[in-house]
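Structure, as structure tokens:
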Amino acid sequence: MSPSPASSPAYQTPNYLNAVKGVGSWLTTLDHKRIGVMYLVLTVLSFFLGGVFALLLRIELVTPGPTIMDAMTYNRMFTLHGVIMIFLFMIPAIPGIFGNFFIPLMIGAQDVAFPRINLLSVYLYLAGAAIAVWGMIQGGTDTGWTFYTPYSTTTVTTVAPVLLGAFILGMGSIVTGLNFIVTVHTMRAPGVTWMRLPLFVWAMYATSVIQVLATPVLGMTLLLVAFERVFGFGIFDPARGGDPILFQHLFWFYSHPAVYIMILPAMGVVSEVVQTFSRKNMFGYKAVAFSSLGIAFVGFFVWGHHLFTSGQSTFASGVFGVLSMFVGLFTAIKVFNWTATMYQGAIQVSAPFVYFMGFLYFLVFGGLTGIALSTVSLDVHWQDTYFVVAHFHFIMVGGTIMAFLAGLHYWWPKMFGRMYSERWALAAAVLVIVGFNATFIPQFLLGNMGMPRRYYSYPEQFWPLNVASTAGASLLGLGFTIVLVYLVVSLVKGRVSGPNPWNSRGYEWNTPSPPEAQNFPETPVHDRGPHEYQDGPAAEVKHAH
Amino acid sequence: MTATTHSEGKHLGPAQYVMVWVALMVLTGVTLAVWKADLGYSARVAVALGVALVKAALVAIFFMHLWEERGVARLTLVVAGLLVLLLIGLTLVDNATRFPYANPPYSESWKDAPWQKDAPPMQGEPPPVRVTPADRSTHPAGHAP
Amino acid sequence: MHTEAAAAPSRLAHHFPDMKTQEHAARMGMWLFLSTEILLFAVLFTAYALYRFLFPVGFEEASRLAHVAMGATNTVVLITSSLTVALAIHYARQGENRKVVGLLAVTILFGVTFMVLKGFEYHHHWVDGQLPGRFYSYSGLQGPGVSMYFALYFLMTGLHGLHVLIGMGLLGWVAWRATRNEFGPGYSTPVELSGLYWHLVDLIWIFLFPLLYLL
Amino acid sequence: MNLVNEFLRKLLFLPLQASEWARQLDYLHYYVFITAMLGAWVTLATAVVFMIRFRRKHAEQSTPIVDPKPIHEAVFIGLPLVLFLSYFAIGYPQYVRLQTPPKGAIDVYVQGKKWMWKFAYPGGPNSTDVLRVPAGRPVRLLLTSRDVIHSFFVPALRMKQDALPGRYTQIWFNADLPGRYPIFCAEYCGLGHSSMLGELVVMPPAEWDEWMERERRSNQPQAQDGQPVEAEQVDLRGSLVDQGRRIAAVQGCFKCHTVDGTQHIGPTWLDLYGRTVKLENGKTLVADEAYLTRSMMEPNAEVVAGYKPVMPTYQGKLAAPDAAAITEFIKSLRTDAPTAEPQKGPIYVPVTGK
């Protein structure tokens, strides 16, 4: 983030970006907004690194046989693509950036509850990322991001650093979640009751609960795998009476809720976006708020639907299968309520709203394919095929990244005081959405045909659809690059946005853009919920004292 | 302003702490006595785990001041406990109801494998040796209950 | 910048409205952290439950090799140390820092006792070859599930022992602060938080002891 | 029905349905597909209509508060719940059927191994990568793995089951459409994951009976890559060559080295002794006893060109006589050597179904 010339009007007013100068002030900052910006830089870097791997993988798959790399490189690359995208982008991105930046602004607090621990989470992220990247340089892991034993305990590649990196990243994730829960509980300004909490905060709260309660299980499980590799204790070793399926239970006990760590914040972001750009209060606020908690809760009961073909018992599969249907239910509630929010609204179709529509589309299809996948017998055909790959990319890329981009465009003027080029933004949004469909719809069909995932080469009947998928991926890559370019350009050349360019009544917009180092000179007092647009101009916020 | 956020009048004093400690000691003694008496496997498990739960509750409620704490702390502990039970419970349900030979070889569910001796040999797997506590009596650490 | 020094006069960080909220937040954070610790151990408890279920005979026989006398002594030691910590918190709230230092010193001593006894146990198992996984070489007991018991025994007690060491470090730091008369009616959060941590360590041992030694 | 089935099958790019179960599963697939598509497009069309209908007229436009009545939320919850549970209600019994083999099914042992499938039939016959089954008769597969988790996947049967090392999982099918169908490994298992391909040959029953009879008569099970068999384990003082094979198997050499000339992680042992090998550093040398022994103790000192230095050292793990025995075993592996007695593979005993 290069600071703008001092002459620029956006930065003439004092704000958090220019309050203290110098690299050192950033590295030791306790300001939640600066920490959010640091997360922005780090996670976006990771995203593009993971994206480059994804493109290389797709290029490799253009022809049925070897194309640009050998099988070992391919295996390492899809592992790194998974590890980077999940642990370095999906899980930390929205909580780290928007959660840090906006939760205190939304609830009227001066900072998160534990600012030093918040800074610690950035350094844990850096340390985890550094160790994982060091592992890559050492040769890289070829286990896939799922680290299934006994493959992960017997492979000759360097697994331990990646395990350790993921463990440390998990600690960072726990710390972030813990901070948010305490912040939401203890630091709400007068008038910000639980039933007036912005829906983004509700979603982040539910996410944090999962982060705090599920992540330790992953951490310990990964440590056990590392132990297994180094010492051979035999916890998961079939030759010593260990049960490899136990690893899968433990792994998915975290990693299924982790999917909700990735998508719940996205749902929170679009809840804000749809309200602002429809100028409407949320239809069914309570339903949307509580369904976040519902997802967090039920999300813990369904991990076994990843194990339908693993040798898990028929009975257990039934239990997990029926419970899985309820998770889909909560998502459906949200989708219907977002749609109904648009009813009688005053909709402004600008870039964030286009991303919202894209999100809705991808979430509906990603979610429904998820329900189809957890239909026990259908999963027998689809498990470990490209259908699964396409499904979770629909949710993760189509859902989370659409929402991430929606939030980024929506809050960009708040974070940096600048407007991006709306024309470029709309063009990029359309390109991303089209490219995304072109990439992953063929993969659904490949899954139906029976192409297993993590395939380096494949029989010829899968060829045409793979070519289509790769073509789509290149569009997608182009789209993301355009977004990066015009956003960076807007930092220097963008029009000054003013405090509230969207006329939003979200609580966070009651500050200058960009906000000052101290969020609120006086503690704000709210006497109405966020996003109430039923009367004239934006509601005045009273101040205490 | 008083010491803490706790509502007044609920603070425990040293006397109460010592009483809790005595209770914990007695319960430890009960566990050990039941173990010595060797009332059979299920009784031993039930008593040991039941007493452990009571002891844990005593420590949490009194030593950890859950008694005086606001609801969130209690909720946190209860939710964490429930998740532990969930993880253990559903994992065990799976293993208990699986196709028996999908469990580790020579585990409990392989007991009656009719074809065990004829099954194809599997690499690196130990033969099913009976537990042979032969030289335990001579062993310094030996102390069967 | 809200550093420790800046907040020193009132100990109130700039972003909290009052001490009451700040302490409540600190304790809530600690409780959440404790719940993550519980789930960290949950993995090992799950593995234990599963393998005990699969290898009941192996586990029962192997647990007879555990040193019950030392385990029971350690239980008594930890429970008593919990009492001393609880009393230390009590006196910290009263501002009696000398008593706090004394009680915490006794607690740390108990911690040392625990670790030394644990060391003796480890040593015995080591000498006898009662070790995890592929290191298991004890001829007196062979069979399915036995080496798994020792894998879990060492992992669970090892992780617990690590927590005891961390807890001793925390209590030492708090005791050092108590020697500087830092605690009193207005401020005793560090004692309470590290006390909570120590109690959790005790809580986990309360389950480990019967599971590993008596069942 | 048939036409509709064919149309939807091709629309969804599904492969042929080679069993009744696959057909049933596809019907559920169509049901899920159609209902989900309908629901999704109705929702999304509503969203698009709202987006067009309720465009913003001016920046400060105010909007009414619209809150849901309980009936709205009830519908939002009820409709998808009923739909989703209907998926489960149809799908779960299907799954239970797949997991419950009928009595009298033909048992086939399936062994996954990096990176091939081995099949063993009752009475001794076995094969690699090609599974022959009779059409119209139930077949139960008992799957296991030699190394890591593999997953036995036949798209034409819509059927998949993981093969776990050291234990057995089961699945059954009744293929009724003679033909040849690909078998994939669906669980990632390393370098050769995507080339771990097999073929399911569904034969007319009479043909299969004939084939089976022929196989049984010439019941000479093929070598299982030098894996020790029970007969060998009894004879502890066999020849040095036999000892070598046994030790090599115990030490896991065959995870990387083959004895039949096929390419694997390490060089094949067939005809290795006396061969002139080219090293990674460009030098060449003759693989003699000294080189073979050195390769076991310091494997990464002289790596043959084209292979990765991935072999662990056996220094300290292999006693000198053991290393010598392995060397003798390698020396015995010559294509021009007179064939010794046929090796015996494991004998599989039929398993009665539920």
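So that you can tell them apart, the chains are marked A, B, C and D in the order they are listed, and the count of residues begins at 1 in each.
As a working rule, a residue touches a chain if its C-beta (ideal position, glycine included) is under 8 Å from a C-beta of that chain, and two chains touch if they have at least 3 such contacts.
Small disclaimer: the values here were computed from a predicted structure and weren't measured.
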{"item": "Centrality ranking, top chain (CA atoms only)", "value": "A"}
{"item": "By number of C-beta contact pairs, the top two chains", "value": "A-D"}
{"item": "Distance from chain D to chain B - Cα centre to Cα centre, in angstrom", "value": "39"}
{"item": "Intercentroid distance (Cα basis), chain C paired with chain B, Å", "value": "16"}
{"item": "Inter-chain centre distance, chain A versus chain C - centres from mean C-alpha coordinates, in Å", "value": "35"}
{"item": "Mean-CA-position distance for chain D and chain C (Å)", "value": "45"}
{"item": "Overlap residues in chain A, where contacts from two or more other chains coincide", "value": "185, 213, 217, 238-243, 245-246, 249-250, 311, 314"}
{"item": "Contacts with 2+ other chains: residues of chain B", "value": "72, 79-80, 83, 87, 91, 95-96, 99, 102-107, 123-126"}
{"item": "Where chain C touches two or more other chains at once, by residue number", "value": "24, 28, 32, 35, 39, 42-43, 46, 50, 54-55, 144-145"}
{"item": "Topology of the chain contact graph, where touching chains are joined (line, ring, star, complete, other)", "value": "other"}
{"item": "Interface residues, chain A side, partner chain C - complex", "value": "30, 104, 109-115, 117, 174, 178-179, 181-183, 185-187, 212-217, 219-221, 224, 227, 231-235, 237, 240-243, 246, 249-250, 523"}
{"item": "Residue ranges of chain B in contact with chain D within the complex", "value": "99, 101-105, 114-115, 118-125"}
{"item": "Of all residues in chain B, those that touch chain A in their complex", "value": "72, 79-80, 83, 86-87, 90-91, 93-99, 102-107, 123-126"}
{"item": "Footprint of chain C on chain B - complex, ascending", "value": "1-5, 11-14, 17-18, 20-21, 24-25, 28, 31-32, 35, 41, 44-45, 48-49, 51-52, 55-56, 59-60, 62-65, 69-70, 72-73, 76-77, 79-81, 83-84, 87-88, 91-92, 95-96, 103-109, 126, 128-136, 139-145"}
{"item": "Chain D residues touching chain A - in the complex, by the definition given at the top", "value": "12-15, 25, 28-29, 32-33, 36, 39-40, 43-44, 46-48, 50-51, 54-57, 59-68, 72-73, 76-77, 80-81, 84-85, 87-88, 90-92, 94-96, 98-100, 147-149, 151, 153, 155-156, 158-162, 164-167, 169, 182, 184-195, 197, 308, 310"}
